[in-house]
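So, here's a batch of structures to check.
Here come two complexes built around subunit A, the first alongside subunit B, the second alongside subunit C.
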Partner chain A sequence: MSAAERPDRVDFLDKVTGRAAFISDLDVPGMVHGKVLRSTMPHARITGIDIDAALSMPGVIGIVTGSDLGGIDPIWGVSLKDRPLIAIDRVRYVGEPVAVVVAETEALAEEALDAVMVDYDPLPYVTEAAEALAPNAPLIHDGVQPLKDFYFKGEAKPVAGTNIFQTYAYETGDVDAAFASADRVFEDSFDFPMVYHYAMEPHCGIASFGDDGLTVWSCGQAPTAVQKVLSRIFDLPIARVRVITPLIGGGFGGKASVKIDPLVATVAWKIGRPVRICFSASESMLTARRLSATVNLKTAVSADGMLQAKSVEVLMNGGAYADTGPAVAIKAAIRAIGPYKIPNLRLRSTAVYTNTVPGAAFRSIGGPQGVWATESQMDIIADALGIDPVELRYRNMLKRGEHVRPDLTPIDVDMAEAMGLASQAMSRLDAQEPHRRIVHGTALGIADPANSPVAGVLLRLKIDGSIAVISSSIEVGQGIREVLCRVAAEQLGQPVAAVSALTPDTAIAPFDWGTGASRSSLMMALAIEDAAADIKAQIGDIAASTLGLDPARIELVAGGFTADDKRYSFADLLHPYFGIDSGELIGIGRISPRSRGGALAKAPLFWETAAGRCGITLDEDTGEIAVKRYVSVADIGRAINRTGAEGQDEGAAIMGLGHALFEELIYADGQPVNGTMIDYHVPTIDDVPAQFETVLIENGGGPGPGGMRGMGEGAILPIAPAIANALATGFGIRVKQLPLTPERVWRALQDKKDR
Partner chain B sequence: MRLAPFQLHRPTELHAALALRAQFGDDSAYYAGGTELLLALKARVLRYEHLIDLKRIVGFDRLARDGNDLVIGPLVTHLRLATDPLIRESLPAYARLSDNVGNIRVRASGTLAGNLCFSEPHADPPALLCLLGASVTVHGPNGERSVPMAEFILGPFTTARADDEILTAIRIPLPTAGEQFCYRSFGHLEYPAVGVAAAYQSQAGAPRYRVWIGCIGDNPIHAEPVEAALAGVPPQALSDVLPQAAEAMAAELPATDDIYGSADYKRHLAAVFIGRAVLESAGMPGGR
Partner chain C sequence: MADLASLDISFTLNGAPQTHSVAPFALLIDFLRDDLALKGTKRSCDVQVCGACTVLVDGLPVSSCTSLAADIDGKSVVTIEGLAEHGKLSPVQQAFVDHAAMQCGFCTPGMVLATTALLERHPHPTEQEIRHYLRGNICRCTGYIKILEAVKSLV
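Take a look at the complex of A and B:
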């Protein structure tokens, strides 16, 4: 295929033609199928599991329960060691795996599920965070062990004898004095619901034990974390656990850290054959969700609108198992600060266990929760002081190079520029339909990605000039393979069509922390930069020793290099060097906190930012909001694949639109009541604003090649508060709870009438 | 979950289908579009050893005018009803309703007959069909009978059709000249929380309005008090009478709190959409 025919992304043709193979398409020789029987109780002792009838059903090979875990470590976690591989004597939420039926086919396994009889002795349960904090609340765990630096850097701080699994506190300045002397103090409480990731591909995995150890085909976003957790469970050397990650159909954090691989591998271990387990969408809804939050803000302001002190108090509902909730709780508090100069700052965060689906990372962990609160309150303050909300933001805005918090790296973008561009773009959209009455709202968001600067890449330059990029970055729909190809092509001066990005496989790919936290494009670009330098050095050495050329005069060109006006192919170099007309050069790029003179160790490595401005209409009779226009602005430093980057930004904004208007996992009597894709509405193309513009600023200034930053998680931050702010501006109602359902908005309108 | 195993039968004429049902009894069920049945089978809420597929029965895809009636066969999908010129011209309000059912996949395979037999209380069609004076024809072992639409839906997931009967036709009398219809529904989930069907007929100096309310109760509700209050009111004067009549009616509706909304909100929605549907049927602004 010629360069002109090459699609925008290396994975597009396979995906649009249906050739692309996802895990559920794979068939491992000897493979059998598992189906999960799930708890119907929010909290209960398991008093008995009768598997006899199911075992005798056609095609059933075996059934795995919590009594089958002898010889392996049955408890795992990534922040706290709190989670059984499969329920052991006790269930902690509706949907928790209680038994896995394994059969020759998926259909036969499913047929036998109903025949497994589980007896429960119900225990008192809690589904709300506030209930879980009550002095007489049932304890959901008897004691859990924090795992220091296990996945994220740091350690959770649970409180023994309570349901609290994380506490976080930070303070700078004299907050109490600032509150005592302030002209005005604003106190508001905001609620953010549990929401589901809804990746189009539910969780799935295949595991196989053999003489060479354990191999899993995993949908996990962090293959090396999966590898490490499995090595601990089965007491296998890490090098004997192989994690292969084919194309994945979306993750958004729902497949981050470690999710279903321990269960899949345990079943394969017990059954003694390769086992495939693929969840349905409803099962995935019972696997992970965003942590719900109540965020209490207290903000001191001078009469002219200058922020003087802010206290952020976050309470998060983390579900039955902590997962990465401890990190989410910290980030929610930090991401509630905003891009503003606040001299006195107090952050407090608490995350608790409840008898609900485990909370987990989700696109900008803690970000939408914190930004929803802060950016709503900025408009409350502006309204009370009679200052235009955009003006209030300008007055308090941090300039590039100023500190969000003294101990964090200064903000590295110009947020005033981003907000200005959002207003300009909206004015252009308004001018296209000037007669229509539209109400506008603005919000900003900033987040400090946990970039974990530990990454690596191999570049293999073949004698014919083709290049393979080997990394652990998974293609989850975000377009990383195209980014890998483009950066490698650029760094080695080769056409992008010469480059392939291989399927991640921990057996050959260098260690990488994982795909998430807006880090892969950036970390891999840095690693590729180093790996390409390694290859160039090798070419120079070989050219000097074999061809007698001066390395300083070598310049890479398509298919080879030039030196002293003479053109050489890579074969011209490697054939005489190896003696045969075959071979390759391998470049290694390794990123650590010590790389680039320690510059990559600073936290955050860059700020991920977004400005959003919406234009809405409201049907005041029904309370239904229509978002007619939306502008999303982000300074990403430099785009590697512009259409891909715009797609990421648009996707994040529309995902945020779902959080704003529709999405909420609802519990009643300990049961999730809308846990299907029929009852839980995610945005469809009909919900996308008719006028929708993404403005990506390429000002450089980021830590990657050409000044690039990571991106893809920013635009989810401002859209919900922007819409709520428009509601307040246009209709005089302040709704502090998401989602902004028609009934909730209508009720706020009624309350206003009654006042 | 996936479907439990079953045997599929594909008769090509009505009596063969009835015979299969007689042979297998309650272990069998009729099946057409499958948009409701297959979901229930996958969720294992229902289970049958035998499915009797009606899709090959000759003539069941009929959509035609028969005298003063429109006749809709049991295989006619929502998509056909939304796009067929006969419906678009003679009953544009019904074509619009059909165009708004579920999503394109549901419309393309789901049939109106199946929708009615399933009797999901939040379905759109029943209220408008009641308003239009439709009737359904069912065939059973003892022959054929006709049931007025208003008597067909007995409650959630319950109809006047016996399990061994096949709904063979929906008959809608063609509207008389000068009668205009409108159907409006609203909800923030997959199914509507409330739907209102309204008709306006201008008879020499005596305008007549008819209103049915769907989705909010167990079956469509005939809003006779609204009709009485509006009788004879010219469209231009509706604003003097309609809001009060709509609110009085809505206050009496049997709404309950559920995921579609709280009872008071749904009653309010009913009042709003009674107003909008009536105004739109009468060609007045404000119907939005």
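Take a look at the complex of A and C:
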């Protein structure tokens, strides 16, 4: 295929023709199907489960409950060991798996679910974080054990005898003195709700035990974390747990760390056959969600608008099990700082268990929560001081190379440039379609991705010049397979059409921390750089020993290399070397905190940043906001796949639009009241601003090849506060709670009239 | 099982006449995916909200998750597998590829089929018509920007 005919991404042809096999499309020989019976109670003791009637129904093969876990470790986690494989004697949220019915078909399993009878003895429950902190709150866990350096570096700090599973504190400067002497002190509290990922492919997994151990076809974004957790549960050597990750229909963090594989594998273990469990979208909604947060900000400012001190106090609702919530809680506090010079800083974060769906990673963990608060308050300050909000930001902006926090890597982008480009682009859009009543709002976001510099890749250069890239980075839509191909092609000087990226399989792919936190493109590019260098060194050695060439004069070209003006194919090299006209070279790339002389150990490895500017109108009779135009700016250093990078930015911004305007998982009486896709509204094509522009800055300066940074999460950060800021500027109402529903906005308008 | 109650249906599938027996309660999505192994039709919401399971029945977009297989008797069904001819992408498929109008690709079969139906009925839709017509097809990845570009390129 010529370069011109080659699609933008290696996976497009399969995807557009329906050939692409997603995890929910797979068939494994002999597999049977599990369906999950879920708790209808927010918090209860299970006093009995009657499975007899269900067991005798047609096609039913077996039923697994919490009483079947003898011989394996029934409790697991990634931050804290707090989660049963399936409810054991007690349920902690509506939706928790209580029993799995396995049958010959999904339909037969589903039918038999109704025949399983569960008796509950209700316990007091709590769904709000503030209530979970109360001294008399029901205790959701009797005691949990932090897992140090298990998935993230470090360990959670729960408080014994309470529902608190994480506490975090950081302080620099003299915060109290700064507050005492400040011209002005602003105190505001902001709320961010639970929101749901809604990756369009629901969670799905297949597990099979055999002589060679446990094989899992997983939708998990971190195959090696899945592997590790499963090895602990079943006491299997890690090398005997194989995790294969086909194409996944979206993740956004909802499939990060470890989600459903322990349950699927447990059922397969008990039943003794390959088992597939595919959730419905409603079940996936009961599996993971973003942590809701209340963020209290106290900020000291001089009369001319210079930030002098800031105190960030975050309270997060982590749901029934901690998952990666402890990391989210830390990031929410840090990401609430913003790209500003603040000499005195106090960060506090607390995350609590409640009887709700477990909170989990979601695109820029903690970021939207923290940025929502801080960027709303920046405009509050600007308004009170009579300073233009953009000007207030310029005055306080960190320059490239200055510290967000003394112990973190200095900011590596020019945020003033990004904000300037956002304004310019918006002026262009305004000029294209003049509209008298458009009101603008701006917000910025910065995030310190947890890049965990532990990664690896194999490059296999075949004798015919074709190249296979073997990596654990999963293709979840972000386009990693194309990035792997392009970087490998570039590093080896070969046409990209010669390169393919294999399906991740822990049996052959080197260890990698996981796919998330905007890290995969960067980490894999670094690993490929090393693997390509390894291959080049091998080519040089073999050329010297076999062909008598000087390695220093070898230059890779498409299909082979040149030396002293003579062209050699890879076969010209490998045929004499191996003695037969076959074979390959294998290059290994390993990334660790010690790679690149320790340069990859710094935290963060780069800053993921975004500037957003919106133009909105408001129907003052209904409170309905229309986002007419939006500009999203990100400094990504360098794009490997420019169109793909734009698409990531656009997707993140529109996902953020959903968070801003309507997304919220609501609880009443311990029950999720909008837990289906009928009731939970995500953005449709109709919600997209009529004018939308993504500006990607490619100035280099990042840690990857050509100065690239990770990207794909930043654009979700600024859009909600940008819209709220426009509301305040244009209509004099400051809404401090998301989403900005018509009702909430309308009430704010009424309150203003009544004042 | 349920042989007694099964119905014989005849229909055209991606241009080829077919006859099959289906249970009266079988959903079209299950019939396509499980009985005919046409896995390009995707299941997401199950409740006619997301459009991932869209197929064309007599040229109109239909949510196969909430349609009965029995109802395609006598009709013509097109699934995503039936759009490309002899390996050549349909114009809509080609536009989606050219404009990078997909990421995870899970919504893509439904989105492509809905767009195909739109352009059959309205070869020159306005932006408003495009938005209105594709409102029933959710994409969580792309933010729709490149999907809109792809569709507009065909107008």
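Heads up, the rule we're going with is that the second predicted complex is superposed on the first by the 753 of 755 C-alpha atoms of A that agree within 3 Å, B and C clash if a C-alpha of one lies under 4 Å from a C-alpha of the other, contacts with A are read in each partner's own complex, and residues count from 1 in each chain.
Going forward, a contact is a pair of C-beta atoms (placed from the backbone, for glycine too) under 8 Å apart; a residue touches a chain by one contact, two chains touch by 3 or more.
Please read these numbers as outputs of a predicted model, since none were measured by experiment.
Colleague: One more residue to check, A:678. First (subunit B), second (subunit C), both or neither?
Modeller: Both subunit B and subunit C are touched by A:678.
Colleague: If you stack the two complexes on chain A, which partner ends up touching A:742: first (subunit B), second (subunit C), both, or neither?
Modeller: first
Colleague: For A:180 in the superposed arrangement: first (subunit B), second (subunit C), both or neither?
Modeller: Neither partner.
Colleague: Check the residue A:169 against both partner chains and state whether it touches subunit B (first), subunit C (second), both, or neither.
Modeller: Neither partner.
Colleague: Using the superposition on chain A described above, determine whether A:654 touches subunit B (first), subunit C (second), both, or neither.
Modeller: Second partner only.
Colleague: See if subunit A has more residues touched by subunit B or by subunit C, and give me that chain.
Modeller: Residues of subunit A touched, subunit B against subunit C: more for C.
Colleague: Give one of first, second, both or neither to describe whether A:621 is in contact with subunit B, with subunit C, with both, or with none.
Modeller: first
Colleague: After lining up the shared chain so the two structures overlap, which partner does A:644 touch, if you call subunit B first and subunit C second: first, second, both or neither?
Modeller: second
Colleague: Where does A:280 make contact in the superposed view: on subunit B (first), on subunit C (second), on both, or on neither?
Modeller: Both partners, subunit B and subunit C.
Colleague: From the superposed pair, tell me which subunit A residues show up as contacts to subunit B and also as contacts to subunit C.
Modeller: On subunit A, the overlap between the subunit B and subunit C contacts is residues 107, 280, 678.
Colleague: Applying the document's contact rule, which stretches of subunit A touch subunit B when the two form their complex?
Modeller: Per the stated touch rule, the residues are 106-107, 110-111, 113-114, 280, 619, 621-622, 624, 662, 666, 673-674, 678-679, 681, 741-743, 746-747.
Colleague: Would you pull the subunit B residues touching subunit A in the complex into a rising list?
Modeller: 1-2, 4-5, 39, 44, 186, 188-190, 259, 261-262, 265, 268-269, 272, 288
Colleague: Touching subunit A in the complex: which residues of subunit C?
Modeller: It comes out as residues 1, 30, 33, 38-47, 49-50, 52, 79-81, 83-84, 89, 93, 96-98, 100, 102-109, 112, 127, 130-132, 134-148.
Colleague: In their shared complex, at which residues does subunit A touch subunit C?
Modeller: 7-9, 11-22, 24-25, 58, 107, 197-202, 247-250, 252, 280-282, 476-479, 643-644, 646-648, 650-655, 676-678, 682-686, 688, 690, 692, 694
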